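Same chain, two partners: subunit A is paired with subunit B first, then with subunit C.
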Partner chain A sequence: MAEEVLAPMVGKILKIKIKPGDAVQEDDEIIVMESMKLETSVHAPCSGVVKEIKVSEGDRVEEDDVLAVIE
Partner chain B sequence: MNGGPLDLLAQMGILAVTPGMVFMWVVAGLLLYLAIAKQFEPLLLLPIGFGILVANLPLTGLMEPGEGLIWRFYHYGLQWEVIPPVIFLGLGALTDFGPMLARPSLIFLGAGAQVGVYITFFVARLLGMTLPEAATTGIIGGADGPTTIYLATRLAPHMLGSCAVAAYSYMALVPIIQPPVMKLLTSQAERAIVMKKSRKVPKLERILFPIVATLVTVLVVPASAPLMVMFMLGNLFRESGVVERLSGAAQNELMNIVTIFLGLSVGATMNAATFLQPKVIFIFILGLLAFAVSTASGVLFAKFMNLFLKDKINPLIGAAGVSAVPMSARVVHQVGSEANKKNYLLMFAMGPNIAGVIGTILAAGVFLSMLK
Partner chain C sequence: MAPEWKDLTEKFERERERLRAGGGADLQAKEHAKGKLTARERIDLLFDPGTFEELDLFAKHIGRDYGLDKRELPADGVIIGYGEVNGRGCMVYAEDFTVVAGTFGERHGRKICKIIDMARKYGYPVVGINDSGGARVTEQMGALSQYGQLFYRHVAASGVVPQIALIMGPVAGGQAYSPALMDFIFMVDKTSSMFIAGPPLVEAVVYEKTDEQSLGGPKVHGKITGVSDGTMADDRQCLEQTRRLLSYLPLNNKDLPPYEVPEDSPDRDTSELEEIIPTDQKKLYNMRRVIDVVFDRGSFFELKKEFAQNLIIGFARLNGHVVGVVANNPMKYNGSLDYNAADKGSRFIRFCDAFNIPLINLQDVPGFLIGTRSEHNGIIRHGAKMLYAYAEATVPKITCVVRKAYAGGYLAMCSKDLGADVVFALPTAEICLMGPQGAVNILFRKEIASAQDPEKVRSEREAEFMERYVNPTYAAGLQHVDDIILPGELRRKLIRALEMTLEKDEEAPDRKHGISPV
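Let's look at the complex of A and B:
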């Protein structure tokens, strides 16, 4: 069962802390984004293995864009 | 005494230095330190600090009415009421009203947080300030620099410097002042409330908003017009999408230029004679009170609204009605995510935050029409 990690708000991707194949726990900080000059952590919605990362550092994203997929 | 060495000596500033001036140098040094080393609102506190320093050098005539260089900046920029409205033009171009339009009920939170302004007004009056002084002190609780400066210039010019410094330093201290009040008034469960997603705001609504808002607010509180119309014009520049150059100029070049003259002349109004008075301590204490009460009333108002709402709002966002944009919204976001890691309140908090700006302009307009 794959779960998508969605961007919680518009902003820029500052840092990606995971790579495909990584195991993550729910609530782990996986991506840091910046919105209105505030750094915000995006946390894993569930535990699992990172299947795919759809953005790279420096990308601008809209709310609800898919950032990564966790399986 | 005709061109002799004694004459030169008499013209040297160093002999005319008073202890009060030296004290003001220390105040100036403190603000410069906070601006440079701690990055407290450096865009304003740096020129203000330098303005204080040079205004307290003897025999320079910089603030001499009709003659002095900085006096001219002050006279044509502030006394003529030009600079604060121009700053609002830039703020309008910078402001995205989307988060507020997405959930218009949040506008009430921007109004709820103005309670601190009025409570402080009454407390200041009870403590013996005149009505114009009390109003100027109260408006600090709106956490809006240009509005504070605008109101002070019109109602109580002798308090301009102190009120501006109080407003800007407390804005820098928002991350310290607000969280304890917010946590005191909310439970862990309330702070953890995740809000329902907002709707997308169509472009037509964004374009109509500044026009409709101008009509509504200015027809109700005409005295708010100078700040309000410039704020909304700037926003129309932004949202219309057809005058990107004007929008860019308003929020960058123009705003940066007037900020220099604003900071320098506000600082230069703070000479030893006007600053070293017991009243100034009141201003700082009452300004802090205004911030705290506004935060509290915003949060309580949000909890009150929750009694009637099906989709509960997170009461923390009420604190963002204090219009320190976007600092209070950031603080709300951080406190919210401490309670629940999956809570992203930033965009929700921007709604009351921006509504708070409008609320503070209106509060200033109400004071002006009552007291002018």
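Let's look at the complex of A and C:
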């Protein structure tokens, strides 16, 4: 089962801490975003393997944009 | 008993029993099988034991067409009356689903209107227990007219007595606007729903297949629409929590909220806040933990927890006094105010103001949420509601800047300029018109662009800017902050300020009413 990692709010991707194929645990910090003058961590919604990353560092995203897919 | 009274008494007791049985044991069993309690069981749980007095048990339905003249609808499907909750008066109406699915006929409507009129006249809160298949179509204009009468009464009672709606079954069609005109709404998980048109009509008219829960169940109204103030696990919990909600509310707008002798000390040191509030400005923290530490232990009663999670609202006690808490939540949108948060906050502020409940505001707000989506969602129109509600409120308003207090967000969370009576700031406070990033780009654009190492110059200028402007000392020097305090002192300082302002007497300007943005 695949689960999408969604952007929690509008902002910029500062750092991507995962690559396709990585194993992640639920709640791991996988992406760091910046928005409204603060850094926001994006956490893995579930445990699994990173199937796809849909953004790059520096990208601008809207709330609920799909950032990555975990399987 | 006198012999001539014996027959008469027995006859009346039989009659009363028959009417109290509503739709009868079989239909009651069906309700129980769905996980619901009956209307009378709900009333028993709402009120202190033995205090409920029923009115209009003997009221008869009006419908005469489609064979209804030959049917009896006990109490016309709704129970009304008064009693005591925590020893204080309260009015109730409770729809009885076992009587023609609790449908809303003319007499049914007249009964509800009567109890709301009484609540307003005698000054007691009214709890409406909704469980109805909607309008009784056999009564046509009788039902429609009573919907109008009911809405009219909710508006007349608004701001005079608290009105609480419990959704403990379906509430369909026009009737859904009745709870919407009241002050608080609780819904019961799995068994409740609210929509203006049910799944069959939706499918027939707009060709969409759906079901009751996805159309208007507690998850929809708790999370997406913000119609509901909370989802309750079952009927029992819903009624318990209603009793708790009432324990924070005055009986009417001329009454004060009930003071309770506190078990917590007003001088309790709150230094544990140092463990919760990070000094690293980029780190997030849980504002609910701050609330739990500052207010009387265990007193925080949160509302609309799942909706607009960037703003936390609820009632609490400070040294026994009821207060309304409005706090930014950095865990969602970094605490920014969006259109839903403004809606949630402004409504709560207006309730507190109408019912003499002082406001305690905990700020950590980087501003109103910006960007195309936020603008298109109407952040100007909605954000204005927060400004309006705070400026309009004449109850005591006490603010503490915990961390960020930027630009319009600072004003919208009740600054001095919006009429705050006392403003505190923790040493971590950052109060400013514009953050260092934006300001430095404007002020030093040329210098940065022409520098050999632009990033170095930028960060130096940002640090200087922070030092000069973005701190509580600068704001306190200009009297925007009354006092800079330490985390350990926060509870005591808030209590001292609250008790100093309790007798505040501020008159609103003489006018019919203002035009609040909606």
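Operating definition for what follows: the second predicted complex is superposed on the first by the 71 of 71 C-alpha atoms of A that agree within 3 Å, B and C clash if a C-alpha of one lies under 4 Å from a C-alpha of the other, contacts with A are read in each partner's own complex, and residues count from 1 in each chain.
Note that in this section a contact is a pair of C-beta atoms (placed from the backbone, for glycine too) under 8 Å apart; a residue touches a chain by one contact, two chains touch by 3 or more.
None of these values were measured; they are calculated from a predicted model.
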Contacts of A:P45 with subunit B and subunit C, given as first, second, both or neither: first
Contacts of A:M9 with subunit B and subunit C, given as first, second, both or neither: both
Which of subunit B and subunit C A:D27 touches, first, second, both or neither: first
Touched partner set for A:E62, first subunit B, second subunit C, both or neither: second
Subunit B versus subunit C as contact partner of A:M36, first or second or both or neither: both
Set intersection of subunit A contacts, subunit C complex versus subunit B complex: 8-10, 35-38, 40-41, 63
Residues of subunit A touching subunit C in the complex: 8-10, 35-41, 62-63
Contacting residues of subunit C [partner subunit A, same complex]: 281-282, 284, 330, 332-336, 366-367, 369-371, 373-374, 404, 406, 435, 437
Subunit A contact footprint on subunit B (complex, rising order): 326, 329-330, 333, 337, 341-342, 344, 346-347, 350
Subunit A - residues contacting subunit B, complex: 8-10, 27, 35-38, 40-41, 43, 45, 63
